[in-house]
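My questions all concern the structure below.
By written order: A, B, C and D. Residues from 1 in each chain.
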Amino acid sequence: MAIVLGSHQYGKAENRVVRIYRDTARHEIRDLNVSTSLRGNFAEAHLYGDQSRVLPTDTQKNTAFAFAKSRGIGSIESFGIALARHFVDNTEPATGSRVEVEEYAWERAIVDGREHDHTWLKSGCETRTTAVTVEGTGEDQVVHVVSGLKDLTLLKSTGSEFHDFLTDEYTTLAETHDRVLATSLVARWRYSEADVDYDAVYADVKQIVVTQFATLHSLALQQTLWHMGKAVLTAHPSIAEIQFSAPNKHHFVVDLEPFGLDNPGEVFIAADRPYGLIQATVTRDDAPDAGSAWLRSAGRA
Amino acid sequence: MAIVLGSHQYGKAENRVVRIYRDTARHEIRDLNVSTSLRGNFAEAHLYGDQSRVLPTDTQKNTAFAFAKSRGIGSIESFGIALARHFVDNTEPATGSRVEVEEYAWERAIVDGREHDHTWLKSGCETRTTAVTVEGTGEDQVVHVVSGLKDLTLLKSTGSEFHDFLTDEYTTLAETHDRVLATSLVARWRYSEADVDYDAVYADVKQIVVTQFATLHSLALQQTLWHMGKAVLTAHPSIAEIQFSAPNKHHFVVDLEPFGLDNPGEVFIAADRPYGLIQATVTRDDAPDAGSAWLRSAGRA
Amino acid sequence: MAIVLGSHQYGKAENRVVRIYRDTARHEIRDLNVSTSLRGNFAEAHLYGDQSRVLPTDTQKNTAFAFAKSRGIGSIESFGIALARHFVDNTEPATGSRVEVEEYAWERAIVDGREHDHTWLKSGCETRTTAVTVEGTGEDQVVHVVSGLKDLTLLKSTGSEFHDFLTDEYTTLAETHDRVLATSLVARWRYSEADVDYDAVYADVKQIVVTQFATLHSLALQQTLWHMGKAVLTAHPSIAEIQFSAPNKHHFVVDLEPFGLDNPGEVFIAADRPYGLIQATVTRDDAPDAGSAWLRSAGRA
Amino acid sequence: MAIVLGSHQYGKAENRVVRIYRDTARHEIRDLNVSTSLRGNFAEAHLYGDQSRVLPTDTQKNTAFAFAKSRGIGSIESFGIALARHFVDNTEPATGSRVEVEEYAWERAIVDGREHDHTWLKSGCETRTTAVTVEGTGEDQVVHVVSGLKDLTLLKSTGSEFHDFLTDEYTTLAETHDRVLATSLVARWRYSEADVDYDAVYADVKQIVVTQFATLHSLALQQTLWHMGKAVLTAHPSIAEIQFSAPNKHHFVVDLEPFGLDNPGEVFIAADRPYGLIQATVTRDDAPDAGSAWLRSAGRA
């Protein structure tokens, strides 16, 4: 029996890269949070503090900013692929690289009824995400792209029920045939193809998710997630699977009877904690192997 | 010399009141965070633990939810006024009440190109705020309304300079004739009239602020704030004064020269801390006395 | 009637100054968050964008870091006074300066039973604070010091009651003769003397506050605050007044009867929102005028 | 090709369970955040909204609170095991359960030099964690326990170097032979044995981690993590492997030369973002298979 170094990775997290395109009077903005990491054989750094095979995290930071200029940011996916490939192709000890990018949306200020050329308001809706994993070099190089969104907060004020559930001796919940359903959705989908128009797919997946949430008469948040996923996979052959994590943000009907008032689904208290948490994957039965696509760390969940 | 009880107040903070209007198939939603407090003579509770003149904070909470049903929420200002008046008019020991309300915006989901009847996305833009103070009863009753917004994040990628500033032995800052200017604006304005269409004024103040930020060629964030305030007061006679608190959210140009790249205002790092913080009030020289309008606590800043 | 510039100030917020003393093998650490601001006549910057009287916030930042070296950090109060005086004495347009400092506590790592010379764990207890205001120069210079603590989270599992309170038609709360009382205390006290041993007073005020919370059989959080304040003022003639802001962090007894279990004050759910909020000042009846001591902004609460 | 439901789980997150033991005048407190979830065959809920096999998340919540009374909280690990076993043993559709618990530390108030019987201060140091996974029933039942800590913030002001690293065309970092090293450590270790004294092991692992951080002259944060892990595994045969996630919380030496001051490692600016992020696993080469021990979601990282 011996104690050995297991999986490991290192990098620079949360580089706040803001890229302005100003080639014409109408500027463009991309506002990113970029985290890069390298995987490979860095055992000497751990065992002996020998850094000779360690490209500093500061260098990774510099590369992220330099690439924002030299390559530009077409989509966060293409930017992430370029960065991850660069690290694997040019850093001898690196056998893999994981690049995670968040993008914050800005909307143009409206002035005198028209979009302004160089002023924006930060849009507080969802954050767009991607996680790119590149492994190996040359012809054997594998590229995984998992894109997603988070903090997409949705609420419907009717069209949701919850009843006829399993009970045991700890069950006190009343059934409901009309409730508020709200969630702050996290979705992540894995592409099985390259050459995707990532911006277009993103916009469409978001629209599908919102539409399913709105139009499905929901008997369970689980059901809503399944229909979201099924609709996304039906519309996008480039997506092999999609995962959802959906907190059930409880809105409890307030009991107003002590004050002589009825409350037919009109006044709610929005609760913070605890919350239900529903997680589900919708996949194709012939989805290609995910490999390391979902691994945030080198070898583990 | 004696040790005495000074100013004091108590209440229930952060009641998360969600009100759905469902009288027709097209529902409406108001999503509030309501904090109420009472001011007056509650010395016995402090000195002796005697609660006989203390209306529990739990009762204040109940009242907020009951009023959401019985009075409805026309605007957060009118809702706050109704609540504060109720507490002062009906609670003998209370000589004043302060009610603060935040409102979170939701936008209707778009499904098949149309706004959905009962589904919304949480809009991440600014939060609308109000702080209502009611003092006294009957004909002597005074009502102060200070409304505002916070977390309105604005950025312009040109049209901002900073130079010819005062220097001393600790000054190392370089001048700039073209920079990114960004802020997360807090604005609060005090009404000097009643019978205001609060929703309409709010929308217009926000539009004025955004327009000034976009169109003023800025030599200083101070200048931008002044012009925002001046424009708001010019347009709205009902507003006596407006205060701004504006962090200068620094976006530093990244030095790409070591990598053989120029960077003419294209790649920035968005910094977290420290940040500049500019605060200014724009007022009318004949503004009526503010009284306790700005006091968050009973007797103090 | 004219629109005019009202109160205003500007500065650099949240400079994260960490000072290591390493004159001997046993190092010392002070970990600060420093916010500085200038008050005075900066109208030209607002009205015309003229910066010629504006010392940049970047210079203020530099000064904070330079002073950490050249003057050292004896206490956060003395450091704040030195900074604020510097700005007023050396910046012609500044008639006043406000410096706010937070200090984060670190405790020495214990290794082999002994305190380590140069390794610390961040202590998560309360944050120490001060707000220094300096106005005027020369013999007329006034210095206000308001020190405090925040996020001091206290809980007692018995010795707290709440009953015999005022009721109205919205009251549903049950009385209790034994409850959990918990708060996350904010306290701020104003010194009326100079030449105070700030570190010693801080430690003693904290101890007094904790002792009163523990030993007073509480009939109301209001009563607890009063006794805290009275004890502090009794022990410290240098303190003119003390303000408390105390959220009542509710711990609700969970109803376990449906599961055949009694619950005599043993199992609670800690709630997030809403929470009670009790605020009170304890003062001397001959306290000197507070002037601008409490004003966070130039002219307002 | 078909679209199918993949891995899924559901539960109630962040139940804030506070348990007071008051059998004697000297009370005890355990303050937990409990998240439970069930795994198994819940396909009908997703596909058809059929809840007949779904035990509500509300019931899971009730169970957590009831168990806090009926079973008590010996350690968070034993509490988690009891809950997870209950769900798997008594809920027919559940083939597995994941229970995650955080514990917040409280320290007794010191009053008149003695520990107080029923008053505590919240200690702000690290949070203790566990994640229990139970799969199967009867003799085949498998129990995984992964315990850990998070937010253990450590800093050493000397004894850390970084030099002789790999460079490329994007490298600008200067070498250093004496720097501040700081991190906010997350550690999670997997037990390979049952019948562990979890409280004792926790205290010892924390002490080992702190001691290694303090005493190892560090040539890299990687090296520090390796030695932490090696020492933990050497001391504790019950631990099969340990994972670390360690942000390198940069403290940059401030350049004071422009102000005529040297700065030999005395004044630093603590930076927020970006930060280095070093992650490593130290394991036994004969560690038993981890199975689902590390899986936060039903089937994925």
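Here, a residue touches a chain if its C-beta (ideal position, glycine included) is under 8 Å from a C-beta of that chain, and two chains touch if they have at least 3 such contacts.
Note that the structure is predicted; figures quoted are calculated from it, not measured.
Enquirer: Quickly list, by label, the chains bordering both subunit C and subunit D.
Expert: Common contact partners of subunit C and subunit D, which must touch each of the two, are A, B.
Enquirer: Using the stated contact rule, I'd like to know whether A-B or A-C comes out ahead in C-beta pair count.
Expert: A-B
Enquirer: Round to the nearest whole Å and give the separation of the Cα centres of subunit A and subunit D.
Expert: 23
Enquirer: Counting only Cα atoms for the centres, state how far subunit A is from subunit B in Å.
Expert: The answer is 31 Å.
Enquirer: In whole angstrom, what separates the CA-based centres of subunit A and subunit C?
Expert: For subunit A versus subunit C, the centre distance works out to 38 Å.
Enquirer: List, in ascending order, every residue of subunit B touching at least 2 other chains.
Expert: Residues 15-16, 62, 66, 170, 172, 258-259, 272-273.
Enquirer: Spell out the part of subunit A that touches subunit B in their complex, as residue ranges.
Expert: Contact set of subunit A toward subunit B: 15-22, 27, 29, 31, 62, 65-66, 68-70, 106, 109-112, 116, 118-125, 151-159, 180, 207, 210-211, 213-215, 251, 254, 256, 258-259, 261, 263-272.
Enquirer: Can you list the subunit D residues touching subunit B in their complex?
Expert: 169-170, 172, 258-259, 272-273
Enquirer: Quick check on the complex: what are the subunit C residues that touch subunit B?
Expert: 1-16, 35, 37, 42, 45-59, 61-63, 66, 90-91, 93, 162-168, 170-173, 218-220, 222-223, 225-226, 229-230, 233-234, 241, 243, 245, 247-248, 273-286, 294-301
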